[in-house]
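Both of the next two complexes hold chain A, though its partner changes from chain B to chain C.
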Partner chain A sequence: MSKTRLPSPEQMHWLCTAMALVIAPHLTRLPLWAGISFALLALWRLGVAHGRCTPPPRWLRVFLVLAILPAVYLSQGTLFGRSAGLTLLAALAGMKLLETHSPRDAYVVTLLGFFLVITHFLYQQNIAIGLYMLLVVVLITATLMSIHGHGLSLTPRRRLRYAGILVLQAFPIALLLFLLFPRLPGPLWGLPKDAYSAVTGLGGTMSPGSVSRLSLSDAVAFRVKFEGAAPPVSALYWRGPVLWNTDGRTWSGGAQGPTHRLANDRGNGGEISYTVTLEPHNQRWLYALDLPASTPRGSVLNEDFQLLKRKAIRQRLRYRVHSRLDQRPHNTSARSAARALALPQGAHPASRALAQRWRDESDNEAAYIQRVLAHFRQQPFYYTLRPPLLNGDTVDEFMFSSRRGFCEHYAAAFTVFMRAAGIPARIVTGYQGGEYNPLGQYLLVRQRDAHAWVELWQQDRGWVRIDPTAAVSPSRIELGMDAAIPQSLGPPLLGLADNATARELWRNFRQSWDALNNGWNQWVLGYGMERQRQLLARIHIDARKLSELALALAISITLSMAILALWLWRRRAPSDPVLRLYRRFCHKLKRRRIKCGPTEGPLDFCQRIVRQHPEFATEAMEISHLYIDLRYGTKRADIMRLRQAVKAFHP
Partner chain B sequence: MNVRGQTRLYILPTGNGLLFAAALLVMLLGAINYNSGLGYLFTFLLTGLALVTILHTHRNLSKVELRMANTAPVFAGEPAIFQLCLANRSDQFRHDICVRIEADLASAHSSITEPVSLDAGLQNIELPFVTQQRGWLRLKPPQLFSTFPLGLFRVWTPSLANPACLVYPQPDGSLPLPAPCGGIGNQHGGGGGGDEDFSGFRQHQHGDSPRQVHWKAVAREQGMPVKLFSGGQPQELELGWEMVPLADPEQRLAQLCRWLLTAEEQGYRYRLSLPNGRSEMDHGSAQLYVCLKMLALYPATS
Partner chain C sequence: MHLGLTATTEHPQTRALLDQIVQQVGTVVLGKEQTIRLSLACLLAQGHLLIEDIPGVGKTTLAHTLAHALGLGFQRIQFTSDLLPADILGVSVYDRDAVAFKFHPGPIFAEVVLADEVNRATPKAQSALLEAMEEGQVTHEGETRRLPEAFFVIATQNPSHQIGTFPLPESQLDRFLMRVDLGYPGRSAERALLQGRDRRELIRHFEPILDVAHLMDLQHQTHEIHASEAWLDYLQALLVYSRNAPEFHTGLSPRAGLALLHSAQAWALMAGRAHLLPEDLQAILPAVTNHRLCWASNAPATASSASTHLLAQVAIP
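So, the complex of A and B:
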């Protein structure tokens, strides 16, 4: 316990190993100097512990401490925020490791280690990192045991085992706290700007390449659980931002009108109910099947039938919503529909000329629309993930020379052809299709399911959906992205991409993996205020009342501690099998009220039995003598004989 | 808990434990702010870990008893060696138990043993304790404590033992032994008790008669043994308070202590007279103990 004792080399090994393992996954995020200097400082400290290096001189230590803040500032540009904080923590951990002279110092290092464990979850929260960090926590706990000389009576293996048992026993309490601790909604203070830098998803605008960019991403956009049978894939149009305005290349803009109020026409059938778990995409809108018929809590429906939250979605969001596949938006006035005719001055001259000619040749609007779609179908247009770069007038170039494009090219060109012929048209972006996961019974929509289609205004029917991509690549709509562009589905191994069985196996594996991830997302990562409220309502706890939560927490944790205490203080059978057998013999006698006194040896006890209960004399003598021989004597007797004698003894 | 003499166990967080709690709070704030589900889970896991160690720490000291053996008297300045015996009455291993003993006096001096781990059974440990003053060194009941496994909580129990150690004054002073008041033979040293039957050897001490030195052994370079004789009536020595011409009572006691030791060693019969009482005229270890105890417990004048 003396405060001045230096940690032994063994303790330093524990400390350095634990710290290296907790920092290792951070190396990609840390600036190079931080990783290298941590490794050097740790190695130096190990060298000192083994007497191979001299401890750092005082001036160097002072210099290093003073250098940390400027170094962090120079490499990160700030002292605040996630990355700067992490760099600071790692640098401090290295310094403190070098400066470890007492058990107290070592203790501070382990605390920094626990902190660094938590910092990982500000960056990634998948199952793998969770399991890895669980092992790291066990290791740090064992390190904590080795400081202060605790558990030095244990071998390293037993110490790790003890730490593992501690963590295991802590788990039920962790779970109770996780479920019952009152969840607060948002950030407590302003999050640094770098918190959401890496989210993917559709933006609010569309230009050539903006959707196909996403088509290479396997990242999950959202998952959907239907309450009932899922509609066919070809009907799964997930409505996102609606685009009205164009500058000839980029499409943008949305609803100008007031918030749309839903007519209360619920409950007349044809309604599809489902729950979406949306990955954070740092935008305000929610995705719902075309056409949403309800608004999830905290959101509104705008004039374009787009669901909007008040704030950008920065955490996984779960919402229940109803849709009606048979309904079309018809809330637009003729005047505002005229906005859907605008084309920029002088843009797409060739396309507009062709559109004008075809319109003049067609009898009616419907015939004209069919003509344009037939053009896509009959002429050599290709649906491709890697369309050539368009430099000039994007629509004209696509229509007359490249003829290769992704959905945004088709949607843009088709809209231009409609508007040029006087038919109000707008583009809807979102996702189409998804992959049904039979294991988890949910639909998984990935970023590569991103899609763009067109809505045409027709006076009597409202906004009618037309998907020009379907004309070029019907399988894209009917079977989904995987069928249209199958390369993306093969396992990432050379030569296996073409093998059907391998592809099937790979698909199964991916589905089970995603089902597991979905459970993880729903119950570990997505467990927030809403989920807590729903779950606890089932056991009649109102999660909105702090007192109810506190009471539930207090009772359940006390109970689990009491159970653990009973387990820890339980009577254990002695490890010696001979003693165990003898105890069983005594126990059998005890039932006949023949009790072995606390100070009575086996021989005395035996003699007393012979005296007082001669009916048991032979058996008691045999057992006692076997026991005495096995435990104290020559140990030549056979333990099997003792076992049989005790077993056969029925007083 | 108060069964079979076992005292109560107390448990409180250590400084490290409080620091741990503060760290948990910061982690929780981070998890809330970044809305990190895994952050919550691991913060709560560490909370659970701390709660679980309460039970483990408490269990580690349960059914462990402290017994105390008598402590041999020492001279002031020498460490008193307290003999402790830890008994593990449970059927499990007990890790890293420390014993802390504190002086009863206001002096903040305390002594703590190295952590001891025990299998079932007994284990003896020695706890040295520095002494400064003559008299009874009475200690508070020793405290058994342990912070196993993680050092976040400290469990302790006061034992029922009342360890005490008699501390003699430090022998000091250079005054010669007073002349024996009666008996026959040499003037210096009543050594050997008598001079009739040879009874053995001992090393030469200042004041021994040259006639008793075993010169043949000296020639063989075996030191300077002195022949001892028994049988005759040993000379008697009166050692009194007023015989020491020193003003400071503590110095007087130190000189008397030195004389007593010398007189016992040289085989005199002796009697100690102090202003508050006198001993019998006797010799032997019991007599020495009685006299040294008188010195040790002589009331301080200040």
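So, the complex of A and C:
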């Protein structure tokens, strides 16, 4: 009967605590019933362990198991995929806890725990969850020790300590496997299709409020490491989608024209090289400094000088790219440029009328452009994070009544004014500026650095960049978002918001934290096929060949085991030279299958040799005699004699 | 069976003498050489001996023969439930001629005292004996009387599950250096016993091999046996293991450590060696520790006894 070996209440405490901690971070993702039922089942099992409740009858257990599948289906709409799978596992883990009757069941539960721990990586891959998972793994290991009979004689603290030591001991092998195990192309953790529903970033369109919505987000857009000095903040225009078409409110779409081929005019200096680590944003485009002069591997440059990948970017991507800050796109034909004059019929009547009047009054295009910019500068226009909602004609309303807006408002209004005056204009969205992290020596670009600016077509110069926002709030461009809207950088405690020292501390803290995260992203999460190939190439291993990887893996694990064994052996190797010589003697006999037991004294061993292997009797007796005298006796014998005797002994 | 290792023997005469005692006692107590050796070692180490076994296996004969062979005076006290301390220590009787109380020494004033069935007496009587054992003297009515220089108690006791016994408490068991058992004789030994003459009569027929002075000299030699650092390492490893291992209820005390040292020294002397070997410790450890070491509740089911388990767990350093 397995019931005679029920896990004790203490063992059930360990088991239930470990499983509860495994499930805990999932509670927000699980349907409510799954969390509650897991808790109830675990509590019931604890009650049974303490003799307060009766175990569930068989029919109830069968019913519960059968009820789980429909419950999952009803709440998730499917039985497959990440959420449904997780719900199913969590509910079944509770069931398994309830019917844990023997050590074997308990082992199964701990193994289930080890498996469930990994599922956290399907949702989050940050440092905090990694540390949490590590702690839970230690706890499950300690639970495993508790289930095993001998573990119970240790105090809980020592059990945890030993479990920690075990996990630490496994670490070198884990590291080797991490470095050398063949990597799959594609994301390792973000497998299911419902994983990208909530990523932030610029969309392919722009409407009032779409950029300012991002301005509240501290999420990282990408990080940049420059090779050489970084350009000034005011020059950091990160080019994203280019927008041509408007319906009066929303701007969208770029040229679907032919892929642009870069002219091979490298080498005349002024090129900036850098590496971007882009957070997944579920869109096809890459960001590069205005204007990209090279295409990273696997991407193309379209007619609007926008870098595009073939598929949406769903895992963190690293790419190296060159840019030329002094160049402007001038690959557009006059016919396509005419498309940049279109305005929807009947839209923005007041603005168009004003534009016409100003254009007639101006001598040339340049004067007209200055006139419009001066208007932004001189009239009471405000740059604000929370522009009022615009309901009617967005441009007219912004220009003549609200006069409060974020960059998208200015860019849109300016473009309308240009097009109305016959100057081809288009909107470029992307990011502007960034925060330089001196710790990690990289530039950090956050979502709130999102920006929109305007490009005007001029026959002789190509597409010229004009940033109307700079006219309203020059500090936004010159010093970055933090300077323009200082409130966004305050520490979370309101009282400290005005304190310069506290702000500085908060800024340092945030920079260190981000540098840490960047390291984690680069070296842990970002360690994919490419990185592995680069790293291993340095030690002349071709990661593309599985056989080489397997060989490197086998050799390094064997080597690390050998080092460990050597270390243990060194620790056991006696410092007493007499004992060392005697051990060598025993070792020589061991090769002839004559083994000296750990508790066998030298006299007993010698007598055994004489009895069983008379052929070695003389030598064994001499060596034993010398050894006994040197180690236990009067020490009158000469150690050199022992050394010679052992050396000459060839069984 | 000391195959050719005479080279390690440094006291050949002593060894021959002690072998002779063992052999002579062996002619009376048949087939129990190991127990006889242990008893002799116990005596050489100036410790007291407890023999635990069922009645009729030769406990008394062993004690008697040993005392005789060593040339020591022998007294026997049969412990019963109505035994009083005065029956052991002696009593003062008024002497009309001398007009004074005269002390009549009890049976304790002998060189070898056999306390037969010690666990049949009440704790009061037991403690009188045990106090005398510990102090080496008897205090009666304010007057202290020394016991003989060579004073050796051999107590026998029945297994405590028998009816009418007062088991000795652990603190008093600790006073005995060793606890040995005899067990049933082997087949050939029993046949010899059945065919031979009366054992008591045999004792009277042989001459003592030692005398008190000689015995005390041997006891002195025992203390001279050299314990090397390596050997003490082994002893301490055993002590430490017994204290830390969860399978033992309580570990071995420092007094147990000294008992092990002295017993092993006696064992080495009997082998004619001037220094201690791990084998000496292994030979005497069960007899010295079996009555001191108790299993905890989670004793491993496979081990036969606590002391053999201890020996198997600790490697010789």
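Throughout what follows, the second predicted complex is superposed on the first by the 552 of 651 C-alpha atoms of A that agree within 3 Å, B and C clash if a C-alpha of one lies under 4 Å from a C-alpha of the other, contacts with A are read in each partner's own complex, and residues count from 1 in each chain.
Throughout what follows, contacts are C-beta pairs under 8 Å (C-beta built on N, C-alpha and C of every residue); 3 or more make two chains touch, one makes a residue touch a chain.
All figures in this text were calculated on a predicted structure; none of them were measured in a lab.
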{"item": "Partner chain in contact with A:Thr634 - chain B first, chain C second, else both or neither", "value": "second"}
{"item": "Chain B versus chain C as contact partner of A:Leu564, first or second or both or neither", "value": "first"}
{"item": "Chain B versus chain C as contact partner of A:Cys606, first or second or both or neither", "value": "second"}
{"item": "Greater chain A contact set [chain C / chain B]", "value": "B"}
{"item": "Chain B versus chain C as contact partner of A:Ala617, first or second or both or neither", "value": "second"}
{"item": "Touching partner for A:Val117 - first (chain B), second (chain C), both, neither", "value": "first"}
{"item": "Touched partner set for A:Phe649, first chain B, second chain C, both or neither", "value": "neither"}
{"item": "Contacts of A:His625 with chain B and chain C, given as first, second, both or neither", "value": "second"}
{"item": "Touched partner set for A:Ile173, first chain B, second chain C, both or neither", "value": "first"}
{"item": "Partner chain(s) touched by A:Tyr132 [first = chain B, second = chain C, both, neither]", "value": "neither"}
{"item": "Shared contact residues on chain A - chain B and chain C", "value": "153, 574"}
{"item": "Contacting residues of chain B [partner chain A, same complex]", "value": "16, 19-20, 23, 26-27, 29-49, 51-56, 59, 62, 91-93, 95-96, 98, 112, 114-115, 117, 147-151"}
{"item": "Parts of chain C lying in touch with chain A, wherever the complex brings them together", "value": "1, 3-5, 7-8, 226, 228, 230-231, 246, 274-279, 282, 298, 311-312, 314-317"}
{"item": "Touch list for chain A against partner chain C, complex", "value": "153, 574, 576, 579, 598-604, 606-607, 610-611, 617, 621, 625, 628-629, 631-634"}
{"item": "Parts of chain A lying in touch with chain B, wherever the complex brings them together", "value": "1, 82, 103-104, 107, 111, 114-115, 117-119, 121-122, 125, 129-130, 133, 137, 141, 144-145, 147-154, 162, 166-167, 169-175, 177-178, 181, 184, 186-189, 191, 195, 315, 524-528, 557, 561, 564-565, 568-569, 571-572, 574"}
